[in-house]
Every structure is written in C-alpha cells, then in structure tokens.
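Below, chain A partners chain B and then partners chain C, in two separate complexes.
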Partner chain A sequence: MPYKKAEQKFSGKINVCEIGVGDAAISIGGENSLPFLGTEGFKTAVGIAISDTTDEWADCFKALYGDDLKNPAALAKAAVEKSGADFLLVKLESADPNGADASVESCVATAVAVEAAIDVPLVVEGCKNAEKDAKVLEEVAKALEGKNVVLFSAVEDNYKTIGAAGGMAYGQKVSAESAVDINLAKQLNILLTQLGVKSKDIIMDVGTAAAGYGFEYVASTMDRIRLAGLGQNDESLQMPIMTNVSNEAWGVKEAVSTIEDAPEWGDQEARGIGMEVATASACVVGGSNAIIVRHPESAKTVKALVAGIIG
Partner chain B sequence: MSKFMVIGERIHCISPAIRQAFADRNPEPILLRAKEQLDAGADYLDLNIGPAEKGGEELMQWGVKLLQENFDNVPIALDTANMKAIEAGIQVYNRSKGKPIVNSADAGDRIEYVDLAAANDAMVIALCSKEGVPGSNDERIAYCSELLERGMERGMEPTDLLFDPLFIVIKGMQDQLGDVLEAIQMITDMGLLTTGGLSNVSNGAPKHIRPLLDSATVAMAMQCGFSSAIVNPCDKRLMETIVACDIIKNNILYADSVLEF
Partner chain C sequence: MAVKGLDIFKLTPKTNCKECGFPTCMAFSMKAATGGVPVEKCPYISEESKELLSEATAPPMKTIKVGSGDTEKALGGETVLFRHEKTLVNKNLFAVELSDAMSDADVDAACATLQKINYDRIGEMMFVEIVAVRFAADAAKFAALVKKVADCGKIPMIVTTDAEVAKAAVAGAGAGAIIMGATKDNAAAMVDVAKAADAVLGVSADSIEALHDLVEEIEKMGYKNLVLNVGETSIKEAYANAVDIRTAAIKGNDRTFGYPSVVFANKLAPANTNLQIALASAFVLRYGSIIVMDEMDFNAALPLFGLRQNIFTDPQKPMRVEPKVYEFNKPTGNDPVLVTVDFALSYFVVAGEIERSKVPAYLAIPDAGGYSVLTAWAAGKFGAGVIANFIKEADVASMTTSRKLILPGKVAVLQGDLAEELPDWEVIVGPNEAMQLPKFLRDMQA
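So, the complex of A and B:
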C-alpha cells in the first residue's frame, strides 16, 4: 500500500506579532499547525534575560560578565553579544516594594539605557508586584514610545493600566500573564480585547515551571491553548506565546546548589544550563513562539535545537 | 469535537420585508438582518430567496455578493428550490471563510442537490426524508445512507454532508421527538455531522414559550452529538444555551467572559 501522509488541517491560525523596529524587528507566531509540523516556516525566537538586580545570580554569571553585572546597559550589550539572541528581556526587579523599592523614574531610566545599548527588540519585565508594575510599565511604555517593546506582563489586577498605556496610548505590545491557568489565559485576552487592545498586539505569557517541577501541567496547558486556537478556531486564544524560563530554571535546587553543597552533582554552571535547556526545549516543542533564557550557552543551544528541527 | 455551528435563518423570503427587499434589490433590510445575526453569534447565514423561478440566478448572485462584501466573506447557505440559482451563487462565492452550503437535498425529488454540491465542492444539507416527515428511524437512516452513498460516489467527503433528521413539531407530534434525538445519536455514531431547522419544534407555541422549548431541545440534541442548526441567532436564551453546552462538551474553552466574546 502506498504511503499516505496523514495531515491534520486546522481552521485557525496563530496571529503574527512583530516586536522591535526597523532592521532589528522580529515576527513571532503565524503558524497554522502544531509546532514544527507545518510548512509555513514556524520558527521560535530565542531571547536572553538580564536583570537590574543580579545579586542572587549564580557565580558563573560573575565569571561570565564581570563588572557588567552591575550595569544593566553594559550587561544587556554583553548578553546579546555572547548569546546571539534574537531579542533581550530586562527584568526591573529593583522596583519590588518588598525589595529595593526603586523609584519608577529609576526603572524607566534603566529600561531606556538598556534599549539604547542593544540592537535587538526589547521585552521589559516588571517586578511581579501588580500595583507597582502598573506604574512602572506604564511609564516605560511612554518613555519607549515608537520602540515597539513588549510589556511583560499584565495580570488581572493591572491589565487596564498596562493594556491602555502599552497597547493603546504608546503602541507597544502587551503580554498577558496567566500562570498556567488556561481559563485565565482566555479571560485576560478577552478583557484586553474588550478594553480596545488589538489581538495582534497581545502576547500570551502562560507561565512555566522548571522541568521536573510540575512541567506536565505546563505542557497540557500549552497543548490545550494551541488546540483551541487552531482546531476550534478560538480567536481569543490565537496570540503567540512568550515564555521566560530563566527565573524558574535558575531557581530550583539543581541550579542553585553550589558544588560545595552537592559535590556529587558536578559543575553548577553545567547543571543550571541543563535545567534551563531542558525546560526551554520542552516549551519550544509545546508551542512557545518566543523563549527566554539566562545563560548565553542555553540561548545558543536552544537556537541550534530550533534550527535542527526545522532542518 | 468542534464548536456547534449556528446557521442564521433570518434572511428568508417568507418575511415580507425581506421579500420586498429582494424584489427592489434594496440592500438595507438584508444587511440589517445579517448584522443582527452575526453580532448575535451566527457562523453561517442562510440566504433564502424562495422558489425564485424567474431571475433567481441574478438574485442569488446579488445576495451572495452583498453579504460577503459587507461582512468579510461571511460563509453562506444558499437556499432555494432553483438549482441554477444555487450554482450561479456559488460562482461568485468567496470560500475564504468556509465552503458554501447547498440548502437542501433529500432522498426524493431533491437528490440532485447532492450532485450539485459535489460538482461545486460545496457542503449540502441532506434531509433524511423522501416525502414529508419520515415515519421511523429505520426510514431516516435508510435515507441518510442513500444520500451519503450518493455524495461519496461523486467524490464528496462524508463530513461535507450535514444530515437533517427533520425536527418535528411538539404541538401534535410530541411523542416522536424522542425518535429525532435517537436519530441524531445514530447519525453521529456513524461519524457524520447533523443539522436541522430547530424552530420547527416550537412552531405554533406562544412567543414566550418558544425559546424555552428550542433551547431545551438543542441542549438534549447536543448531548446526542448534534453539530449544527438553522436557528434564529437573535434568540438570546437559545444562543446562551448553545455556548453553555459547547463548554460542557469541551468544544470551547471556558473563560469568565465567555458570553461576551
């Protein structure tokens, strides 16, 4: 019997979302099949993460970046150069009211300096305090008007401010964070759309867990979201997915324990990269259109993986 | 399972306003009804131009173009006894949002509507009847098989035939409604899709009772696998019931604002 390729056709299509401007701009999304199964050239973008607060980062990053670790703009430049990443994420962790509680002005200055230091698109992550993030990301959106950055991310408690500022007033992209909750992912997209943010300006931050730490729940969430968007043509779930695995992957004991803590586990840097690559690659095959990691080696490995799958 | 498909029935020449609009080629009343139905959640619009023995071809083309140009190539069910008019309508039909539906074939005089759909790569509503309402489910399934065979012989995908078990009216034939539900289950079990003119069920009942009967019927039918219906999408109770059933059947993903999207 001759071989007949069984191909599942979907009626839906993931939106194309462009981030950044000019020659540096990249597009994510646009597929009408599950990841890597179509012919439309699905390609995951790979981003490198930095932070304005790196005190807790593993020692390997001190060896890698030296004094640049204390200077976000210099760190951004070095991170892009060392990783060859398609875009950069800066986390404004200093904004956290329970931490350094840096002023909005200081955070905005950091974001502006970082943007000026790199020639790839920028994603700006808040400190995960909804109230403070609303203020910080609103002002970041204003200061970087015309740069088409991603505000990462709006949540239920601040989507109105971030959506109105980013998606409407200053023409940025808005990411909607749903913490591995499929119903909330849909709900936030509906709320942002009702607010007046265009679908093509919304990105989903569906969250992640480090590999081995409940990741199967992340996998089923991504699957369900993609099948609803593609198979059921659910327009409220056709936004591209952006996943930052760096905080989770570098936060579990396999990555945190030093060689002194756990000599039998071997080199800490290799373990951290291993956790990050394992988590990131699982997200890539699960449907993330843009994946963000911390270590330049992780970025290079994931880029090579994507290139290898596409062939 | 995919989401329940709603075919809006309100552009129908039985309505005096629409009949007049067809005669005058007056877009306004037609566009108004189209918009109402799409806003209410219709997936397809039925375009019923009546028997249209004279000038049917030109009228159908006018109607198809009018609706598709104004509503982003909305998919349409072409509904008339004039086969040439359906064919003419398909000639100008834009398929980007879905295939045209031929409304309708049966296993009797109208079996050639299946051929028409097959020849034009269209879907077709296939009434499981020959003359009038079938007397039993043996009859329904025999007609269903006959129509399926006819379509497949002519190269149709089985899922391009939407089988209509013929809903019966509660007032007078209440005892047979169970058969209709059973027929939907049997057709679904064969891997086929179903549709039907749901409002037949409540025909003749008072206005405030009809939404109740229609929505309860659609819920029970959906549990049997019912996959689409020709309805009045402006019936809010009915449409909300369909959304709720789609959620319960896991056809669409739940969100708190699901009714607002």
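So, the complex of A and C:
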C-alpha cells in the first residue's frame, strides 16, 4: 500500500495578535494546526531580553555589552543589533519591593527610554510582585499609549488593574500568566474577557521551566492547551503563547556555575547558551508563538531553527 | 485493523482454563484486544488464528532493541503521540559521529569527551549511548574503528551504503549494532548482511513516499528489525517526516511506519553546535528515536539529557529525588539547614534558588512520598514527626554547628510542633515561594 498521510484536521484556530506599530509591527499566532504542520506558514517570533538590573547576569554579558549593561536604553539598542531579534523584552526588576524597590516613575522612565531606543516591538515585564506590577504596568501602559506594547504579565491578583489599563484604557496587549497550569490559563483568559479585554488583545504566558527542571509539565501543558484550542475549538485557549525562557535558563546551576565552580563542565557561556537554546527550542515545537531569550547567540540559533523548519 | 475482544473470544476454547493467567477467556480476550497481552499466551488458539490476530493486535509501533548485554536499549514501542495521553515508554538515545577519515588524535579526543560525559542525574546515569561511524574511504580502518567503539561499551552505528564494507565492520560490532543502511539500490544485499549479524537495519530514501515503499519491500524480504532515517537534506523535511511517520503509525495505523526514527542533527546543521542542540531538543519532543550529533560536550549534554529525563517520565509517577541531606555552595560545617520535600520539581526549584543566593547551606529532604509541599503535608507525609525523625536519623546535628532549621513558608503551621520535637533547634519559617529564598538567606547571613 502506498503511503497515505495521516492528516490531523482541526476546527479551531489560534488568534492573530499584532504587537508594535508601523513598519516594526509583527503579528504572532494565526495557525490552525499544531506548530509547523500546517500550510499557513506558522512562524515563531524571537525576542531578546534585557533588564534594568543586570548585577547577577553571567560574566559573558559584561564582555558582550560592556558599560551598556548599566544603561537600559543603550543595552536595548545593543541587544537588538547583536541578536537581530524580532522584538525586545525589558524586565523592570528594580521595581521589586524585596529588592531595589525603585519608584513607579523611575520604572516608567526606563520603559519609555527603552522604547525610544529601539525600532522593534516592546514587551515590558514586571518584577513578579503582583501589587507593584499592577502599579508599574498601569503607568507604563499610560506612558506608552499608542505604541502597542505587551504588558508581561497579569496574574490572578492584579489582572483587573493591568487588564483595564492595558487592554482597555490605553490599547496595549495584555499577557496572562498561568504558571504551567492549563486550568489557570483558561480561567485567567475568561476573567480578562469578562472584564472587557478583547480576546485578540490577550497573549498567554503559560510559564516555563529550564530543560531538566520539570520541563515535562511545560511540554504537556502546551500540548494540552494547543489541542484544546485547535481540536476542541475552545475559544478561551486560542490566544497566542509568549514564553520568556531567559530567567529560568540562566538561573539554573548549569548556567550559573562559573568555570571555577565547575571546571569539568567547561565554558560557562557555552553552557548557558546550550541551556537556553535547548529550553527555547522545546517551547518552539511545543507551541510558543513568541519566544524570548537573553543571549544574542541563542536568539540567532532559535531564529535559524524556526527558519529551517519553515524551509 | 482493530480487533474487538469478542472477535478474539470466539477463537478461544471458552473453557476458562486459566492457563493464560486470566480468570476467564473473556477477560483474556478483552486484554488481548488492547495489546496488553500477546494472543500467544492462550495455548489453545489455533496457529493460523494466532498469526491473524497477532498481526492485528500488535502495538502500532514496534519495539526495537539495540546493543546487547549491558548496553542494550529499547526504542519505539510508543502508543501515543503526546505524553499526557498516557506515557512515552522508551526514551530517545543520543549518538555522536566519528569517521575513518578522522586522524587518530581526533578520534582519541572524541573518545575522551565521550568517557567524560558519564554522570548521575536523579538516579539515572547520563551518557551517550551510540557512536555512529561514517565510512569515508579506508575499509580496514573503518572496521577497526567500529570495533573500538564496541569495545568502549558504546553501541556502534555503521554508516555506509556499501554492503561489503558493512559486512566486514559488523563482524566486530557485537550483537545489536545498527547498520545505516539500506537504500533502494542496495536493499537486498543490506538485508542479507543485517540478517546474518542480527543487526538493526537503518532505512533511507529520498522522500517519505519512497521510504514507505522501501520499508514494504524490505519487510517482504522478511526483515522487520528496522529504524527509519527522517532525511538529511533539510530541517523542514526532517521535521515534517519525523512527525508524519510517527503520526501515520499511531493515528493512521500504518504498520509500515511503525518503527523508531534516526535524526542526523549533525548533517542538518553542519559545524553549528548550538543549532544541533536546538534540533536535538526539538526532536526529543517530536519523535526522534536516535539523535546524532557531531559531538556531545557538557554544554549540550546538561540540557539535552535533562530534557530527555523530563519528557520520558511517566506522568502518573512524579519524579522523586533521593531523601538525604544535600550540600550547596560548599558549606563548611556551620551553615543553616533548609527542609523541603522529595518531589523533584520542589527540590529543583529550591536547590536552584539556594545556589543563586550563593549562601552556603544544607538542604534536608525527608521521604515525603514524592508529593509537593502542601500535598505531602495534607497526606500526612510531611509533618513535624517526619521532619524531626529525618533530622535525627540523618544525624544532621553532626554535619553543622548551626541550629537554624528553615521550614517552607507554606507549612508554617508545623513550627510549634517541630520546635517541641527538636528542642535543640531554632525552627524558622522561611518564605512562601522559593524565589524569595536568596534575599531571605542573605538577610539571615547578614
């Protein structure tokens, strides 16, 4: 018997979400098949991550960026240039009340300066303190009105403020964070839409783990979310997925240990990139529509992978 | 063709003799219909019925054994496309590639790296299982290299389309070697070589349709110990083929494609280590059974072996770490002790944050049934008694002069009871979330 392709036909379709404005705008999502298996040219966007607090970044970044590491706007420009990324994420880590506890005004100023320094769409990540992020991301949304940025991310405890400010008042995109849990992802999407945020303005941040650190939960959560959205046409799970692997990948001992800590493991930079590339690639085939990494080399590699699979 | 339990039942003697190990013929038939037990287990079903049924009830994907003795591994045998549907049963294997065109010094360097990558990760040894040896020009040198690989305890993959070269090399390769392999031009000769050596035969073709035809042809020659090359010309084709072959086998019931796959990541991304890591990672998730790299140093091994260990865990059995006292950041005998559960994910998150804090500390992991903190507490497996017993039995007091014991914030309720059970210790309630640990530990140190 000659070969006959076993087609998997799906009734659902992932929403298209446009981020950024003008020539620099990109759209993510839109597929009606599992990643890369359809004919509609599924393409994962690749973003580069920076932070306003880089003290704990591995030494290789000091060699890469020099003094720009201390200046978010300069760092943003350099990161985009070196990586060729499709968009940029800035993490406002200094806002953390358990850390530097920077003021809302100073965080907003950073976000505005970063936006002005780059010509690609912007994603603004909070400090992961729900209360502070609500204040910071609300003001960021206001200051960057018309720039169509992504507020990364709203959680159960602050979705009302971030959803209302970002998704409704100032026309930004809202990312909904659900810590590797399909039910939470669905619930938060429903809560945001009930609040009045249009589903096309919502992006899912389903969370991640570094390769080897419980990634099976990430893989299965993504598989189940995509099968629910496509196969069961579940509209509350048809938002594009955006995944920032940079914090997890560069936070495990395989990437943190210096060559002095673990001489047998070899070059720290190569290990960090390996960890980041492996984690990001697994997310890419799992269904992330936008993937965010820290090292420019990782960004180039993941872009090459995506270009290769699309052909 | 799917067979119903009743169809099998009709062929049994219906005497409920229990010789198959099941209480009734009906119970046996229902199980056999799902592939849970081979029909051969019933001694009374006629030979021709058995043949008919074993074909129909065989799992959609064959299990292929590679290597022999200590190196033996099983590939394939999967019944689902996604791990959450049931579980994935046989983890993929990793390979690196050598060639007779390499200098002796290069081969030795590659072998040294191979020997170096051999470490324990949560109770599982991590190492490269297979070494591919690609034929360039020198048949004698090639055969010697294949033998060297086998002698080093690796499973050799003989990469040549020349049947004579393969035949000479497989003689020194040991049982269960892989010959890569058969093409439309050499199939008959390669099948003879593989059959004689009881080797696994790799099958390559220019397109997925041609691959299907060639596998059918080889099966007709009577050989079914196969692995399928997903293609080496482009990433697009290799990825699509890997997915389509597995989907055809599992969803399309196409037994011709019910074999494990081989992915030459090294040929898809020549001389680009990072892109090879990216590809290997993608194929761990999407149906690569043997993934070949140029080389495998720690920068590739650490993430890829970890990822593989994650993906091939049984979703019904959470990964657990060994209950014991772990050391972080080189403690010197006067550093605080943290406590958490033996659920691998909890352990890793906590371990990662302690490492990030750079504060020397001990982490005590009692046997908490492999559950997360709150689940284990609710199940009575992570109470004050369990923790106190572990601290005493592991003799933690002799490891450190510090008497600070840090509890997960989520079980703050245990503080009082634990302080009573461990009067020598100062029981401190730690943060609710692991990510707050670095600040917590640094503040405590200050």
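Please note the rule applied: the second predicted complex is superposed on the first by the 311 of 311 C-alpha atoms of A that agree within 3 Å, B and C clash if a C-alpha of one lies under 4 Å from a C-alpha of the other, contacts with A are read in each partner's own complex, and residues count from 1 in each chain.
We take it that contacts are C-beta pairs under 8 Å (C-beta built on N, C-alpha and C of every residue); 3 or more make two chains touch, one makes a residue touch a chain.
A quick note: this is a predicted structure, and the numbers were derived from the prediction, not measured.
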*Put chain B and chain C onto chain A via the superposition and say whether they clash or fit.*
fit
*Which angle, to the nearest 10 degrees, do you get at the Cα centre of chain A between the Cα centres of chain B and chain C?*
80
*Examine A:4 and indicate which partner it touches, taking first as chain B and second as chain C; both and neither are also allowed.*
second
*After superposition on the shared chain, which partner residues are touched by A:238: those of chain B (first), chain C (second), both, or neither?*
neither
*Examine A:288 and indicate which partner it touches, taking first as chain B and second as chain C; both and neither are also allowed.*
neither
_Contact breadth on chain A, by residue count: chain C or chain B_ = C
*Kindly classify A:311 by the partners it touches after superposition: chain B alone (first), chain C alone (second), both, or neither?*
second
*Which partner does A:228 contact after superposing on A: first (chain B), second (chain C), both, neither?*
first
_Touch test for A:161: chain B only (first), chain C only (second), both, or neither?_
neither
*Just the number, please: smallest Cα separation between chain B and chain C in the overlaid arrangement, in Å.*
10
*asked:* Based on the A-chain superposition described above, do chain B and chain C contact any of the same residues on chain A, and if so which?
replied: 224
*Name, in rising order, each residue of chain C that touches chain A in their complex.*
82-84, 116, 121, 208-209, 211-213, 216, 234-237, 239-240, 243-244, 247-248, 251-252, 254, 256-257, 268-269, 272-275, 277-282, 284-286, 297-300, 302-307, 309-311, 313, 315, 319, 344-345, 348-349, 351-352, 355-356, 435-436, 439
*Which positions of chain A touch chain B when the two form their complex?*
182-184, 186-187, 190-191, 193-194, 224-225, 228, 231-237
_chain A partner contacts - residues on chain B that touch it in the complex_ = 2-3, 251-258, 260-261
*Using the touch rule from the top, collect the residues of chain A that touch chain C in their complex.*
1-6, 8, 36-37, 56, 98-99, 128, 209-217, 219-220, 223-224, 227, 251-254, 256-257, 264-267, 270-271, 273-275, 277-282, 284-286, 297-298, 301-302, 304-305, 308-311
